[in-house]
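Chain lettering (A, B, C, D and E) follows the sequence in which the chains are written, and residue indices restart at 1 in each chain.
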Amino acid sequence: MIVLLILIPVIAGVFSFFIKNSKAAQGLALTASLLTFLTALVLVTTHGKVQLEMQWLPQMNSSFNLSMDGMAKMLCLLNAVSVPLILSSTLRSHYKSPGNFLGLLLLTQAGMMGVFLAADVLLFYFFWELALIPIYFLCSQYGGNKKIQATFKFFVYTFLGSLLLLIGIIYLYLKTPDHSFALSSFYDLKLSASEQNLGFWLFFIAFAIKMPIFPLHTWQPDTYEQAPAAGTMILSAVMVKMGLYAMIRYVLPIFPQAVLHFNHIIVVFSVIGLLYASFIAIRQDDLKRLIAYSSIAHVGLMCAAIFSMERVGLQGVMIQMFNHGINVLGLWIVASAIERQTGTRKLSEMGGLATKAPVLATLFMIMALANVSLPLTNSFIGEFLMFNGIFRFSIWAGVFACFSIILVAIYTLWAMQKMFYGKTSDFTANAMESPRNTQYALIVITIVILVLGVYPQPLLQLTQDTVQTVLSIK
Amino acid sequence: MPIQYYIALAVTLFSIGVVGVLIRRNAIIVFMCIELMLNAANLLLVAFSKTHTATTGLPLAGIDGQIFVFFIMVVAAAEVSVGLAIIVMMYRNTHSVDIDFLNRLKN
Amino acid sequence: MNAIILSAILGVVMMLCSAFVKNTKAYKSIALVGLIILLLANICETYGHEVFDIPTYHMLEFDRFGLYFNTLAIICTILFSAISQREIERVGRYVGEYFALIFFVLSGIFILSSFNNLLMLFIGIEIMSIPLYILTGARKENLKSNEASLKYFLMGAFSTGIMLMGIALVYGGTGSFDLTHKVSAVVAEPGINQPMSFLDVAGMLLILVAMCFKVSAAPFHFWAPDIYDGSPSVFASFMATIVKAGAFIAFIRLFAIREDETSILQNAIIGVNWKMLFSVIIVATLMFGNITAIFQQSVKRMLAYSSVAQAGFMLFALLSLNDTAKEGLLLYVVAYSLATIGLFAILAKMKDYTLEGYNGMAKSHPTLAFANVIFLLSLSGIPLTIGFFAKYYMLMAVVHMDGYLWVAIVGIIFAVISIYYYFRVIQSMYFKEGTVVFKYPVTKSFKILAIVIALLIIVLGAFPQLILNFLYF
Amino acid sequence: MGIAAILFWILSALTIFSAIMILVSKNPVHSVLWLIATFFAISGHYILLNAQFLAIVNIIVYAGAIMVLFLFVIMLMNLDARTETRKNLWMKLAGVISGGMLLWILISVVRTYAEQTKGHPDMAVLNTGTIGLIKPLGKVLFTQYALPFELCSILFLSAMVGAVVIGKKN
Amino acid sequence: MNLAYLVPLFPLVGFLINGLFRKQLSKQAVSVVGCGVLLASFILSLVLFFDIKAGGAGVRTYFDFINVADFKIPFAFQVDQLTAVFLLIITGVGSLIHIYSSAYMQEETPQHFARYFAYLNLFVFSMLLLVMGANFLIMFIGWEGVGLCSYLLIGYWFKNDTFNYAARKAFVMNRIGDLGFLIALFWILSKTGTLSYHELFTPDMLAKFSRADVTAITLLLFVGATGKSAQIPLYTWLPDAMAGPTPVSALIHAATMVTAGIYMIARSHLLYSLAPFTNEIIAIIGVATAVFAASIALRQNDIKKVLAYSTVSQLGYMFLGLGVGAYGGAVFHVMTHAFFKALLFLGAGSVIHAMGGQQDSRFMGGLKKFMPVTHITFLLACLAIAGVPPFSGFFSKDEILAAAYASSPVLYYLGVLGALFTAFYMFRIYAMTFLGKFRGTQEQAHHLHESPKAMTIPLSILAVLAVIAGFLGIPAIFAPHAHLLENFLSPVFSDLPAASETLSHQTEWMLMLVTTVLVIATIIWAWKKYADYQKSEQQETGLSKVLANKWYVDEIYDGLIVNPVMKFSNFLKNVIDKTFIDGIVNGVGRFVQYSSRQIRLVQSGQVGGYILMMVLSLVVLFVIFWNQAYILTFIHWIFK
């Protein structure tokens, strides 16, 4: 059952390459993604760990080992939810050779599924890279004017990270007593302080680039700006979570001492990044870049909370991973809908859309509020817990991190005001209400935002076991 | 004769060969200097073969060195045939054997 | 032994064919059949069935590793000749001779994969090199081809000189050409950690330089780009892949057998080992190969530099010299050869070798573009291609040694840089508009072969065990 | 200093002198002749070392066959001092300096080696021994070294094929 | 008590109905729903009030909001006396304002009309959460919720960018306060692990705080309060918030939301009782705001601006009360203020309605005869706010001032000064609006009319309340059953230490007398001065200009905070991010390309050159090999 999560998108993706007809390709992709979603739903609701172990590379002691604990369940669900939403929201957009486009999208999904599910480090690395390739092609083929350079920067950046990760993995693999890639034997490693420090940085940089954390972030705004709508969505809604996921799954349990040794500096950097990105977002005129920096800020917060090593903070990160994915997905859907309607991404050229597209305005308002993590939206719980964790870790870090809530309000509302309020401009004068499919996707997101904002307990409970495991190893 | 002298002589010849390769432009002479390098190696091998006979005291101890020299000569002959053929082919096309003009392929 | 002699015989057969068979189309079929026979003979030998039983006096030692390497080399050659047969025919009139020379080269490679004596190393290298000088110059009216041939010859001969000097010095230091049976002339008392004599050290250094030249390791790589660029694409492909692999096997073999002496060199005056030297060479090779490749506009020349860069990775095996390294080298040979053969095969069909020539290939020839992508991904070491496992083994071999992690890190930095030029081709093919002009017709069977190689890369990328298992069973 | 030693020094001086003359001669034909002279001097060394067979082979094969081939090619191309181009001074200087550095390095190897073996230096025995004669050499060559000997035939075959491919007019 | 959850639920339902079906519902339906849910809430609140009066206070837990191992925050309501009072104010005044709005907003299209009511209902819901929450987190939910609704309603007319700007300013300013609030919550959590009042406000838990903790927490909470309740230094949003529809100003920016800070401090009075330093700060800030805002109001002409500054000023009094420990007095003032300020705003709204949107009192005048009901009720409210006995403001303000006097006479004197200012500006604006001759355009004069019933009835009700509400807190010197409200609230505040010194009756009489006399004198002066106001083109100078420009506080803030932040952001965006960090990243790429161009020159094509390189490399390799011990040390040093 668990392997279906990977298999369905792979098969559908490969098939989709051979379909020329746009409608048929969309139908196939949508069906496949819904099937994946159903599978994910069934798996998420089953109790306890779901596992699968198959032989793969016996000589290397690496097996095709998938396992699903709380965190994996949650992220798989996110992944499985995102793709149908993305598909349905971009249903009307016209791409040349849609079969390829959708195929790449589905392959990306499969790769990310694998990342979340892998319980074998080599397998994890495999999927980690595999998720990268289709998204690279997707973004370089269908993006904006500077797509090739921007995407390539992204690719090189992450590839550098993943190769460092590879060295780290090999390094640890050779330290395991039985030379095994099983996650459990990595957990059982007894490493000396210097080994931990080395391994820690090798792993950390790889994940930090993916997340991305402050000085390593510059690929992100460019890529988000240039990538096609669906690419951006999948990148920021799910792929960014890969870094966070891996940080929790690998860095914290494997290098506990190194984490305790370095977490001060990392928290400081994350908080700097959080404020830094927020400040930059204030002056962004490009809607996509604004969302990108906002996303960097949120991720910085999550990273800080991870490295606070506080139970509460980690729990916050857990649900925030899901929530941020959902919210940012919503923001991107709106952004792309607006871009399609008005042909511009510049905030200074928009205005007055609330009269033209009241439904979109209302829905975006809710997304925006979730972005500023207003209580009773989903991200409030996460941020509250995370701030709390950071605060327990260090009062000053907590205080500075909290400053972001002011900044996020400034830029989010600024964007809201510039887009929807005021008078219409030349660009927005002929704008219309967003199409139905976009609205449906947004409504689903809105419902998730509100429901989880009021009753986050299911998600919290789902991920409790992971937090328990991660912290108990310390 | 102490072997050092022979080694010194051989490496000197070898270096002269190398210098020749470096400072001459005529492909044939460059090739000749390479032959000189080979001969330096030959001389050294023979000298060593005699040393080994002396140190080990066995009657046939150093003979492999001399056999090797023989093989070097054989191979050198084959190499020369091919090399000269190539040089001639080049000359036929460009009417020059100047290696400094070989710069169509670069960067 | 089977393979060496049989390939020599096959070479003669091809020679005779060119004299007696008038139909040039038949040559390639004969060659393919010959190669398959060669393969079978080699496999027979691997499992203990020797056809030719000749006393070698320990000059050749056939071990599993060497024989298996032969098998892989033959398989690669089969793929090579299958996919590039038409281009070989187009090089010049002497098709039979070309195949004969290829067989002779193979026989040299087989000697190199089993030598145990410096004499055999020398002869093997020469047997391998001399036919290549000719193949390089096969396009006789082409000035570039001539130039490449002469350059290659002069430099090759020079490196032979250096190697011979090295062998002479080693002989002076050890008193023997045998790699395994050493009678030291310098230090009378035999001991476990017997230090090398200085003559030996200097000699090994010179041999190292000559071998570096053969595998195109920096700073002795300068010939490679020019020669690959100047020679006919098919032969460049052969030289850059199978021949280079053969040189590598010789290199590894030489130092693996002498490892005990070279690695624990506890001399009073020279207190450190060879690894340092290897590291320097590796870093230099990676640097020259990768950084120079970035600027190339011609894909062919880029591939030449890439072959230098890949040699840098293969040298990791030399640095570590453990079992992982050997397995890795096999994988690397396969990965690198498959990908490069494929790339060169498609390149050879094209009119314009520059990057612009590739523009828009995804539109006009999606299958070939897809195959190219797989080849390039494999070269850059992306998972699910065999190239990943090749790099992975190499890195693992180096990480396994204490104190050389930095080499691995330098290696991956250059691997990232290599992405730049490999992906430029992908970008040309997929993201840029243009029309691809082929000089020679692209047949269906050619496409199928390209796809087969690409799929092979993927399958092996998922299950590298398919290769390695044969090393042990 | 015995007669052998005196001969050694004279031959060495001759070898090096004629080797240098190869480089400095402007006329390629002169270079060839100086090279032949060098080979003769080296053959003298061989005789001094009691490697008579090699001495003869050296003269026959190298000085006789190979060098004649060279001479032949040079004459075929009609190369003489007038057609001979010279590298510029800097390149020459660079060549000499790097060659000198190589020499220096290799000599330093010799010196270290000499230090290492101080007290009991290895001697190349002059004028004695029978290993250089045809009989023992032949025996070894056709027993122990039969395999490489045979393999050399491959080399020759390929050289032959090569010469044909390259040399034949289209 | 069992029905407590229904109180906020009704407005929520109203919000959902009005919000989701805004296209389908007619205006009547919308106003029925909007007002109906509020009335229902009000009735329930009344029921609750009596329930509590009978001793039914308690906590109801509904579900686990956040439950993570050792970290539990339930979704729970706590209803006690304090809550009950606020419930009544919110739902009561809220209902009246809803009714008023249904007439006031008639000119809007149905869709926007529904949007208005949805926002308003949402606001009431949030406010109810704020006061009913059984822990700080629920309070925070409401706290942010009301901020949001305030934002939405200020920017209700979203086509006007100035209004949007004001809305955003309000939200951001509130957020600054929320930051303090939030940090305080984290502080509390990290010390005690709970946010529930009934767990937190126990001696055991409170003992976990050190003195520094308490001071920090209380100060931070107070920062939150300054944001929400518009105190120095975060008050500037409130005057700008007048951009919203006038009923909104009445409900949110006068009667309810802005008193959230007072509620919060009153709720956590036990903490504050442990932090005397904070109390001093609160008192000082309170009185400073009271005087400062009042001084600005002296020279404002916009009728709503005057009322806004007046609100700020009155809130300052409440904080003064809190600071000096008169929690009952503060709550009392909240209540009376809610009545009279809502009345004032609604009256102003009525005037503006009649004037067709004109808010500048310089262009009004003489409206007395056109709008009798509005006039009367406005006058009553003015008397109430000015503190003329026996109107409600008198009693509540007096109670605070008396407590201030007991604490420190300086606070008292300043308080009285503020009261005099209040009297002056209120009657100035009253006089300018209702007395004298009409100074508007001809067209406006034609349209002048009394407002419809739906507006005047709430006015009347509020006027009655403004007049009589004071008797709920009548001091002991007047009546036997004094301090009704405080007695009712006493269970909440009973755990406070008794006031150290109480004023003697004599002093109290004297203080009252002095204040009353001064206030009446001021009123007469203002009446005289502005009864026959004429427009003059004369530029204002000196202090009066400074006052008219609000002490230039907005400009100072812009110069000191907003612009530097924007500049800093630009700097980060352009210099640090684009040039520096991205520059480094791209620079690495460019460097590689550059070195590629250079290194490839080595590949000269000359065989001689290649061989030269080989020989040199050979030499270098030898040298390296011979000296590698040093090199290795160097490399290890680099990679260590």
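Going forward, contacts are C-beta pairs under 8 Å (C-beta built on N, C-alpha and C of every residue); 3 or more make two chains touch, one makes a residue touch a chain.
Only a predicted model underlies this, so the values are computations on that prediction, with no experimental measurement involved.
A.B. asks: Going by the contact rule set out at the top, which chains touch both subunit D and subunit E?
C.D. replies: A chain counts here if it touches both subunit D and subunit E, which gives B, C.
A.B. asks: If I average the C-alpha coordinates per chain and also across every protein chain shown, which chain's average lies closest to the global one?
C.D. replies: Per-chain C-alpha centroids compared to the overall one single out A.
A.B. asks: Chain pair with the most contact pairs?
C.D. replies: Highest contact count belongs to chains B-D.
A.B. asks: Using each chain's Cα centroid, which is most distant from the centroid of subunit E?
C.D. replies: The most remote chain is D.
A.B. asks: In whole angstrom, what separates the CA-based centres of subunit A and subunit E?
C.D. replies: The mean C-alpha positions of subunit A and subunit E differ by 36 Å.
A.B. asks: Taking each chain's centre as the mean position of its Cα atoms, how many Å separate subunit B from subunit D?
C.D. replies: 6
A.B. asks: Using mean CA coordinates as chain centres, what's the gap between subunit C and subunit D in Å?
C.D. replies: 31
A.B. asks: List the centre-to-centre spacing of subunit A and subunit D in whole Å, with centres computed as mean CA coordinates.
C.D. replies: 71
A.B. asks: Would you pick out the residues of subunit E that each touch at least 2 other chains?
C.D. replies: Only 600, 603, 605, 607-608, 611-612, 615, 618, 622 qualify.
A.B. asks: At least two other chains touched by the same residue of subunit A: list those residues.
C.D. replies: none
A.B. asks: Would you give the residues of subunit B that are in contact with at least 2 other chains, written as numbers and ranges?
C.D. replies: In subunit B, residues 3, 7, 11, 14, 17-18, 21-22, 25, 30-31, 48-49, 51, 55, 61, 64, 67, 71, 75, 78-79, 82, 86-87, 89, 99-100, 102, 104-107 touch at least two other chains, as defined above.
A.B. asks: Could you list each pair of chains that touch, in label order?
C.D. replies: A-C, A-E, B-C, B-D, B-E, C-D, C-E, D-E
A.B. asks: Going by the contact rule at the top, pick out the subunit C residues touching subunit D in the complex.
C.D. replies: Residue positions touching the partner: 4, 8, 11-12, 15, 54-57, 59-60, 92-94, 97-98, 100-101, 104, 107-108, 111, 119-120, 123, 126-127, 130-131, 133-134, 137-138, 140-141, 169, 185-186, 197-199, 201-202, 269.
A.B. asks: Could you pull out which subunit E residues touch subunit C in their complex?
C.D. replies: The contact residues of subunit E facing subunit C are 592-593, 595-597, 599-600, 602-603, 605, 607, 609-611, 613-614, 617-618, 621-622, 624-626, 628-629, 631-632, 635-636, 639.
A.B. asks: Okay, in this complex, where on subunit A does subunit C touch?
C.D. replies: Going through subunit A, the ones touching subunit C are 56-59, 125-126, 129-130, 133, 137, 140-141, 147-148, 152, 155-156, 159-160, 163-164, 166-167, 170-171, 173-174, 198.
A.B. asks: Would you pull the subunit E residues touching subunit D in the complex into a rising list?
C.D. replies: Its residues touching subunit D are 608, 612, 615-616, 618-619, 622-623.
A.B. asks: Using the touch definition up top, name the residues of subunit C that touch subunit E in the complex.
C.D. replies: On the subunit C side, the touching residues are 150-151, 154-155, 158-159, 162, 201-202, 205-206, 208-209, 213, 219-220, 222-223, 225-226, 270-272, 276-277, 280-281, 287-288, 291-295, 403, 405-406, 417, 420.
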